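Each of the next two complexes has subunit A plus one other chain: subunit B in the first, subunit C in the second.
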Partner chain A sequence: MVGFRAAFLNETTKLMKKKKILAAAILSVLAVVVGQVAVTAIKHGFGLRVVGSTEFPLVVLSIFVYTILPLFATFVAIDMFNGEFSANTMKITLTRPVTRFGVYSAKVLTIALFIAANLFFVMGLSLLAGLMFNPSSASMLGMLRIVLSYSSSFLPVFVFALLVVWLCNLLRGGLAVFFLSILVFVGFTFLDIVLSHYSSFFITSMFDWYTLWISEKINAFKIMRQLLIMLGSGIMFFTAGYYLFDRKDI
Partner chain B sequence: MEKAIKIAGLTKIYKNGRGISDLNLDVDQGDIFGFLGPNGAGKTTAMKMMAGLIKPDCGDVKIFGASVLDNYVVAMKDVGCIIETAESYPYLTANENLKLYARFYPGVDQNRIDECLEITGLIKYKNEKSEKFSLGMKQRLGVAAAILSKPKLLILDEPLNGLDVEGMLDMRALIKRLAQEDGTTFFISSHLIHDVELTCTRIGVVYGGKLVNVEYTKNILSDYASLENYFVSEVDRNGRV
Partner chain C sequence: MKLSKKKMTVLSFTIGACVFVSTAFADVLLGSGYDSFKSSIKTTAAQMENGLENYTFETLITLKDNNQKVFQTSTYSMVDNIKQAKEHSTTSQYSNGKTTTSYGYNDQKFDIWKNGMDDKYYVTEIPEDSNRERGKSFTNPFNEQGAPEMEKVVDALVGNLKENVQAEERSDGGKIYSGTLSATQVPALVNAVSSFGIKQAIRDQARAEGDFKMTEIESDIYVKKVTGTAIENKAGILENVTGDIILSGKDKKGVEHDLALNIVFKLSDIGSTKVTKPNLGGANVEKVSYYGGITSKYVGTYKNNIIIEKDGEFVKIGERRLEIVSVENGKIAGKFVETVKPGFEADYPDPYDFEFEYKQKDYNSRFTYINSDGDQEQGQLHPSNPGKIYVDLQIEVIDENSYRSNSRANWDQEFNRVFED
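Showing the complex of A and B:
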């Protein structure tokens, strides 16, 4: 447990020291600012009310969850695995008194923390922007819907990140993993349209999972089904990734 | 007394046919063991297996009685190592690097980090990022990281790489001091035969993936003019032209 704790703290420290985290924060702020400027411009230019204060964060989420968030989660995963293997720094951790499972779990947990932190950062920003520009339409229920939407968006993006982690351990080059991740993302999105009956098996189709949680009539059966599929996929990707990580010769 | 290292039937053969085969070796506590061999003889492969970085095809390594394969955490608890090259996170300072490593060892505090930086002559560069370090300074940081937890066993693969003359002398003195004062066991590979002769108490020669001889340095020097002569003779005897 000492080893896992140390590995997790070290992974978060390393992540915080890298420029990627700053880039993710800047892009997140930009996304919110550009979104709010667009909404305000339409409102004042055309006299149309696009969204209220508590709807704005949901509009931001619908874009953010398909773009910046999975992109940076992929960057972070590649950096943690392929980056460390190619820079020869993986052996620094692997020669310490900690199991490979401990190191692998610590890395995955740090990716989870990054996704959650990024989601809540954007939620806070967009909520603030929404309240500043449209304070009249704020409500408690609206706020609750936002928190629920952002919280539930964590799982599908995390499962996608686990898929990337598996690819990171399958392939040696970080660039190859990056392009393959994009191909998988685009492919799954395309298959989701073509083979809509099987969309539940394409993890990217569940990036809008949060809409099920905030719809007028909650479909508990569908939520449960998608939750189980995501958990199953996540466990499989985590295990397959660990299997490869454990067998790697450094 | 329990052996510091007990290697039994350790084998790892790569696809190109190189590697190490059926390595059997015991290293006593307090030994400064020199692992000599020509390029590609399998020294680093053996050391990587000892540190758990690669898995052997068969065989096992026990460090103070704990198997590296079955009980890695216990086996590595009292081990410090530099394998192949001394690496550090380039975007962190020397002090931050050591702070990261210290988290794995309860009891290692900032005082100990400063002490290690002092020993290795890096204290005045403690707040500089290691990306700006020269090869020798990176090697010194690697040594500081290896001795940080006051390990009972140090596995050092080419510890003198990149060090200047002063660094080499310091390193040699450090190894001797740790062995004498703390009873630290060393397992060292080096191409610098003269340094091995001056530092190591016991020598193992590996050639073509096999351990061909193990002998105490004093016995070698009573039969040969220098360790270099012994090494050349062993290598020749085992088929090298």
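Showing the complex of A and C:
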């Protein structure tokens, strides 16, 4: 792919300059701090040990993966597509000697990088907080579980981001895409409860698939199935998004 | 062969869609161990309520503190759905060696009850015309109001933990379900709520029952491990369900305690359980009236004083008199009169003076009377300590199961028997 590297570098540089990254970082730190304060308060108030040091990051993850992470992934995706179209900077990118597929994949890869980086950042922070406040209950196995959980959480959130990317290319207005994404998120979560039997069709139900990776008996078939579901829907959204992006007039 | 861009796009979209749809459907069809476990619980509950002719049901609950038995209770019940009879006995053991037992039998004609305190059987004969609905031996909790909603909420909370329930086929056609959750997998919210709940429950239990002695755990409480197994027979009925919860915590001195709660349910002798009425010949038997209430020994006069507070003093301004004239076959006839001393009429307007007659059908039977304004009102009699009766008047019926009694000013519902010395 001609110029893909350049396009990717271009996208990441643009992303790094955005204030949103700073906001995401601050919110992540805040989430970890608030979580730790809550845990400490419960420990001293009620005498309950809600989490040990190596479990704290998992508690943070269980909330983070449903809130800040998909929200900011949505922001970033909207910025990269709708934002650039409305600011008329998309022209500059597209007139470079790069194929449209190159530009599209560079953007998607940058979103992936953002999600991975954010997960990694929160993992580091919460691990640090956990070890600082409850040093007694740390273990090697626990550490391994945390790394596994955070790494596996990347996939479902990324697939959700691909869905948002597809919406970005479907609609012109950034605000419309944002609200539609929220609606999809809430709708899926709701359907997941009402039609719990069919939860496999809703990507949000897989946000907690990391629990499969750390369970006592690992159910490899279930992991395989969920992996295939996510890969399948990921490919679907990626191609559908690309198809629309390719046909867009500048 | 080089595919055009368009073909490439269509192809990859199709592949993605195929993979997604087929795996998602496969996933739905396969379900999880959790789903099939849930459906066998439902089948079992439905069969126990209606379907199985008879069965024996055992429950065993054990609580251990650092491997020392603190409390154990076991219930053994035999149910016959056709004769609508049930026999059950419960034994509880405490750490101080004390044991309590209770025994009960009921069918359509008799209620028999015996507790561990006195060696006596309390027998109630249920009359043919009682309008009490015979309670079922077992009520299916899944048919209760709001159960489907609760189920949805639980399903949502369980989420991907469902996969921790493993189902295994047995050689004889049944299934074994098993599952384990270690401390890391128990969701934080569930952990916090259940730890707190169990801590409170133990404390309440210890306060309520003097025999229930155990160290109170104060800090660092968390769910250490949850395990469970269930055995399903080939008819799809769960025969044996075992659950273990280990809770860890520290007491005041910082000593660590592992509290292990073990619960076992056993369903056995399906089709071969025989419920028989106990032979009470020679046993110490006390008959208890079914109406809970007014028997012929209550015939007589009961009185209390009408007292008001006037100028900082209690003043007796009159008397209430309840006379139970006759009690025959549950039919009660009586009189109720209030007499107010002359000069105090203004302090106690509209005194009652009526006769009543009614038939006791259950412990909640009411009689109708006419008050001084000529309106119909309802009242009720409750037996109290020996020689005492409580009277409720002006009862307002809200619905089948609830009512409210509006007592008027200076009303006293306790009436004492008048004895001629």
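In the analysis below, the second predicted complex is superposed on the first by the 248 of 250 C-alpha atoms of A that agree within 3 Å, B and C clash if a C-alpha of one lies under 4 Å from a C-alpha of the other, contacts with A are read in each partner's own complex, and residues count from 1 in each chain.
Here, a contact is a pair of C-beta atoms (placed from the backbone, for glycine too) under 8 Å apart; a residue touches a chain by one contact, two chains touch by 3 or more.
Everything numeric here is computed off the predicted structure, so don't read it as measured data.
Participant: If you tally the residues of subunit A touched by each partner, is the higher count for subunit B or for subunit C?
Facilitator: C
Participant: Could you say whether A:Gln36 touches subunit B, subunit C, both of them, or neither, answering first, second, both or neither?
Facilitator: Touch partners of A:Gln36: none, neither subunit B nor subunit C.
Participant: Name the contact category of A:Thr204: first (subunit B only), second (subunit C only), both, or neither.
Facilitator: After superposition on chain A, A:Thr204 lies in contact with neither partner.
Participant: Taking the superposition on A as described, I'd like to know which of subunit B and subunit C A:Asp249 touches: first, second, both or neither.
Facilitator: Touch status of A:Asp249: first partner only.
Participant: In the overlay, answer first, second, both or neither for which of subunit B and subunit C A:Gln226 touches.
Facilitator: second
Participant: Is A:Leu94 in contact with subunit B, with subunit C, with both, or with neither (first, second, both, neither)?
Facilitator: Touch status of A:Leu94: first partner only.
Participant: Report, in rising order, the residues of subunit A that make contact with subunit B in one complex and with subunit C in the other.
Facilitator: No residue sits in both footprints.
Participant: Touching subunit B in the complex: which residues of subunit A?
Facilitator: That would be residues 2-3, 5-7, 9-10, 13-14, 17-18, 87-89, 91-92, 94-100, 247, 249-250 of subunit A.
Participant: Show me the residue ranges of subunit A that touch subunit C in the complex, using the header's touch definition.
Facilitator: My answer: residues 42-43, 46-52, 54-55, 58-59, 62, 142, 145, 192-194, 196-198, 200-201, 205-206, 208-209, 211-212, 214-217, 219, 222, 225-226, 228-229, 231-240, 242-243, 246.
Participant: Considering only the defined contacts, which subunit C positions touch subunit A in the complex?
Facilitator: Answer in residue numbers: 5, 9, 12-13, 15-21, 23-28, 30-32, 35, 152-153, 155-156, 159-161, 163-164, 166, 180-185, 187-188, 191-192, 195-196, 199, 217-222, 249.
Participant: Across the complex, what residues on subunit B touch subunit A?
Facilitator: Residue positions touching the partner: 48, 51-55, 72-74, 76-77, 79, 81, 83-85, 87-92, 96, 100-101, 103-106, 145.
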